[in-house]
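Heads up, there are several structures right after this.
Below, chain A partners chain B and then partners chain C, in two separate complexes.
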Partner chain A sequence: MSAGRATRTPVRPARASVPTRGRELRAARIRSGQWAAWAFLAPVMVYLLAFYVYPLYRNVDLSLRDYTVRSFVRGDAPFTGPANYGKVFADATFGPALWHTVVFTVVSLVFQFTIGLALAVFFSRNFRLSATLRALFLVPWLLPLIVSSSTWSWMLNSESGVVNAVLTAVGIGPVNWLTSPDWSLWSVTIANIWIGIPFNLVVLYSGLQAIPSHVHEAAELDGASGWQRFRLVTFPLLRPVSGITLLLGLVYTLKVFDIIWIMTRGGPSDASTTLATWSYRLGFGNLLPSFGPGAAVGNLLIVIALVFGLVYIRAQRRLGAA
Partner chain B sequence: MRAVRGGWWRTGLGVVFTALMLFPVYWMVNVSFTRDQDMRKSPPYWFPVRGTLEGYRAVLEQQGPYLATSLVVGLGTVALTLVVAAPAAYSLARLRPRGGGVLSFVLLIAQMIPGIIMAMGFYAIYLSTGVLNTVPGLIVADSTLAVPFAVLILAAFMSGIPGELLQAARVDGAGALRTFWSVVLPVSRNSVITVSLFAFLWAWSDFVFASTLDQGGAHQPITLGIYHYIGNNNQQWNAIMATAVVASIPATVLLIVAQRYVAAGVTAGAVKD
Partner chain C sequence: MRPGSIGRRTAGLGVVVLAIAGGLTACGSSGGDDGAPAGAGEGQASGGGTYTIWDPYPQFDKSSDWVRLLDTCGSQAGVTVERAGYDTTDLTNKALLAAQQGNSPDVLIVDNPVVSTLAEAGVLTTTEESKLDVSALSPNLLAAGQAGGKTYGVPIGANTLALYYNKEVLEKAGVDAAGVTDWASLTAALEKVKAAGKKGITFSAIGTEEGSFQFLPWFWGSGANLMKLDSAEGVSAVALWADWLKKGLAPNSVINNTQTTSWQEFATGDFAFAENGTWQLANAKKTGFDYGIIPIPGKGGGTAPAPTGGEFVSIPVQQDVARYAVAQQLVSCLTSTDNSLTTTTTLSYIAPTEEVQVKQVEQNAELKVWVEAVKAAKGRTSDNLGTKYPKISEPMWKAVQAALSGSQSPQEAMTAAQSAAASATR
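Let's turn to the complex of A and B:
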């Protein structure tokens, strides 16, 4: 008894101090945990500041100054504020470039999405070789853009291209795909659609897989035809995934530069110039570069891409929450 | 029974669709074997019946240095990407840093910035620091294509690692660094390989950074090799297409190898749930 009492007395203060010590310990662990967490993040933070934030800052700086080749090297170009933006808006190329960007993007998205969706529905029924064939569809997406663009350039060559050979054989006659201002924008759009189909197919296919099969079976039992099932069941259920596919496709298509530059350089006479190729041409395409206006066009493009990018992220969050 | 349905007509149709889709790829291969004198023949030879290896000889003779540069740039990009991305992914997935959510958001946004805009900013910086037209400069620029993607993919995978595994390491007295190096990284092997393959492929395929930051460089990548070929108004399309075929090899390897790894990553995640 007395031993119990004796032991209890020293225990009491110790017990009372346990929670505070525990709290301190936990706080210390969290503090050191935060320290470790940020130590592991340090490389990427430095990286982002040096190789994302700083180049973007330089780009904004470029667009607000009046640069020449000499002042570009010496870095003492006079600050002109929004003058470059004014110059860009007043340029005769601005309207057509904006319009071509819209046409290129919208037409690409409509066809990529429609063809990708049709193929996804086709492949969603497993059949012999379906997995292999679906994997082969990825090839155009994985090829370096310069490879696909130069292949399309040669296929669409006016005199010796295989496309015109086929068109002549069926009696339609040759088309000056890349050298006629009426056709060059369509040519680069066709090549871009081809490159974008695999992405749409893959994302929409996985979206279709997520629709439970009993939904289809129920519709089938109710006597819905194949087209009805697609229009009334599959398509509405696929709407969130479709939205995300289109938005992500939009952000990617706005960025497209390689294909157009390699196939037509935005020509002939600006007939296939978009904001991206115009920005490149201003900065790098001429003997006398105009970095200021080039950077200004680039920053306009960033703003457009980010607006749709934020819409995309919001849509994806909502899908994730649902 | 439901697994295979629809019979052979679906397979037949699927083969036709795939053939149509891959026709440009086939045509690239076909042209790469075509003789110079047949290049402008109408109608063209549909199969390389009178084929030549002339184009591939030109690749071997002229494109070797370009291919070597691309290999170095690709490997350098993979190394830089992993060094920056893997610790960050571990931290975001496992160490719960305050502000981690904001960082993930920033990375998501970073992926959407058009390359041509980054190129202009890099050009201004490289010109004043003397990094223009160098291989390290190109590696740094190319890595911006892969780092945000790598952090997000690796973090997604690492957050699926069973907690008991990391607990066990802590009980054994391993600190965060030790846990990262000897537990997390080996377990994440498949996702690390997947990320590496994509980083390599993007660096290998890059044209925007190469044509702006390495235009006058002594060592230029294969994308510029092809571009110079076209730009010189070269009529040797068999050589151009042969170079294109060789430049497509990494993509083909990725499709064959990474398919397995991507699938492995997906099933690993599915099993854990």
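Let's turn to the complex of A and C:
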């Protein structure tokens, strides 16, 4: 420490008494210390550059060029600026896909969060078998998405699905869950809600555990009813956890692809196409891939997630300041 | 103190060296990015006669007849064959990426509608360049691999669609399968089956290429042309399917059926007919009921042209043109008359040459109807459509789905599809 401060002192003549050899050595050690610091940073930097910055850059680049299969192979795709974005915005699929993404995300989040919170509150009072039951609620989370989506797809089959069998038995009549344009988006949303509940349950449950019990006791002594305690104590104290749960849920829901693709392929006729499935279909779902527009739609998704991330950070900061 | 600091310094230096080395390797391997396919070609050549073959048959492992045939062909040509099997949807992008990086395989086996895409990308050699003999091949099959008057590969075999029927169900309904010769007699048969308490027909109308594949026999069978989706004929094909759904002759689930799930419906034994492919023959024997096969009828009679499935063997462009000679030997070996019988039997395909087709029917009389169907069949990218086909196919499958789900009338749906296809192919 003291050596470090000494070298930084601009008054050189005063240090003339120090042997030259020793000074050089010390300077070398500091230099090498800086090198070591950089060296320890290097793996992270290389990792970030190679696996985050470069792919993102490539995706942006891809969306700004006119890629055909030929120019993809040759790597000489002409730069076209925002032409791909123009094409995407003008596409007849864009409006519906955006609307479906909004509906899918908002409805999923509202139900996942509400049901997850209700379950978390329910499980927070420890009763017999509560741990076992809680574990059972995690099942949807543990199953591979392809398994749960295929199972939903079978259950909702118009002809032979168990859901329609039950509906017919109680006299409501069959619903074309996956094959009707009025229902397919709701079907995939329902499946997504089911899959997302465990995540909300787990995070909110641990959030509830962090609320000190004496606050509840104090509120109870003051004569607050159960609902008042939830509304005025639990909910406000859970706000930071709720915020991050919703943000993570949002990012997760925006990019949901597998569930929709397996259950409906975005159909019938785009009735359940979201930006995520559309992006995939543009890039990979056709015999002739359109990489540029596919990348453009993918970037839009990233931007949407980013905007909400910034909103979240701002909200957190305001919360911290308050 | 000292040894410690030296140790730390060395460690730090080591990390820097590693990071730099890593960076250099990364630069080295991405050298092909700028379109100059360096290295890979020469690297393979110096490897001492190792030739790579990519195929879309990941279901076959090293002990399978298919891979053994590849090895045999390799040793006949005096080289070692390195084979990789990929999922068919994966293979197109893999092939494009490999071409971009300059390390294409020596022999590439791809789904036939992809050939024109890869050809347009400049990934494949023409049969003139690679000196492949295509004279014996059926022209209707070869057409799928042709664009702009050039041929980009050899069909290894073909499959197509026909109608499987459940003999028992038809018998109970009093329907004679031989009497189903046009759309009217088919619809009449379906109505009889429904009246007898069974289900009519199942097919796949899913919103992907698979849906277009299944719809095409009806579309072409009406006399319609892909360049004009909203012609009266084209609309009549959509209306045929939509009416079947409306009348309950086909289940609503067809809108979401893949060919596999459609087959599962047929395998329950409740359905009279199923539109499906040659590849289900092995499964048909496992269903436990008597089945028969008839060609898909055209609107006014005759056999409707069904789209051909099946792969093409092609030789991708290499930096080192000297490699084509061996690649050509490998392809000739795989598609030679002697081996074609083994290959097509292994892959359950119909052979692409008349000569082998005759042998196949001799071995298995059941294949006769399939040989007929393949003869009437047509490549999706034929009629010089090439890479226009995918741009027409997507609006078409969407229109079929819209009409079947009732969100649009067949006429509205096809009119919208035509304008979308026209603007996409302009």
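We take it that the second predicted complex is superposed on the first by the 265 of 322 C-alpha atoms of A that agree within 3 Å, B and C clash if a C-alpha of one lies under 4 Å from a C-alpha of the other, contacts with A are read in each partner's own complex, and residues count from 1 in each chain.
Here is the rule we use: a residue touches a chain if its C-beta (ideal position, glycine included) is under 8 Å from a C-beta of that chain, and two chains touch if they have at least 3 such contacts.
Computed from a predicted structure; not experimentally measured.
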Quiz item: Is A:Ala36 in contact with chain B, with chain C, with both, or with neither (first, second, both, neither)?
Solution: both
Exercise. Applying the touch criterion given at the start, work out whether A:Val73 contacts chain B, chain C, both or neither, answering first, second, both or neither.
Key: both
Quiz item: In the superposed arrangement, does A:Ile172 touch chain B (first), chain C (second), both or neither?
Solution: neither
Self-check item: Contacts of A:Ala92 with chain B and chain C, given as first, second, both or neither
Solution: second
Quiz item: Does chain B (first) or chain C (second) touch A:Phe284, or do both, or does neither?
Solution: both
Exercise. Go through the superposed model and pick first if A:Glu159 touches only chain B, second if only chain C, both, or neither.
Key: both
Quiz item: In the superposed arrangement, does A:Val102 touch chain B (first), chain C (second), both or neither?
Solution: neither
Quiz prompt | When both partners are placed on the shared chain, which of chain B and chain C touches more of chain A | solution = B
Quiz item: Once the shared chain is lined up, is A:Tyr52 touching chain B (first), chain C (second), both, or neither of them?
Solution: first
Quiz item: Taking the superposition as given, does A:Pro144 touch the first partner, chain B, the second, chain C, both, or neither?
Solution: first
Self-check item: Those residues of chain A which chain B touches in one complex and chain C touches in the other
Solution: 36, 38-40, 43, 72-73, 75, 153, 159-160, 284
Self-check item: Residue numbers on chain A that touch chain B, as the complex places them
Solution: 33-34, 36-41, 43-44, 47-48, 51-52, 54-59, 61-62, 72-73, 75, 119, 122-123, 125-130, 133, 135-140, 142-148, 150-155, 159-160, 162, 165, 168-169, 194, 197, 213, 251, 254-255, 257-258, 262, 276, 279-280, 283-284, 291, 294-295, 298-299, 301-302, 305-306, 309-310, 313
Quiz prompt | Touching residues (chain side chain B, partner chain A) in the complex | solution = 2-8, 10-11, 13-15, 17-18, 21-22, 24-25, 27-28, 31, 39-44, 83-85, 87-88, 90-92, 95-98, 100, 103, 105-106, 108-110, 112-125, 127-128, 140-141, 143-144, 147, 151, 175-177, 180, 201, 204-205, 207-208, 211-212, 215, 223, 226-227, 230, 237, 240-241, 244, 247-248, 251-252, 254-255, 259
Quiz prompt | Touch list for chain C against partner chain A, complex | solution = 5, 8-9, 11-13, 15-16, 19, 22-23, 26, 33-35, 89, 92-93, 96, 99-100, 113-114, 117-118, 120-123, 206-209, 251-256, 265, 387, 389-391, 393-394, 398-399, 401-402, 404-408, 413, 420
Exercise. Sort out for me which residues of chain A touch chain C in the complex.
Key: 29, 32, 35-36, 38-40, 42-43, 46, 50, 68-70, 72-76, 92, 153, 157-160, 176, 178-181, 264-271, 284-289
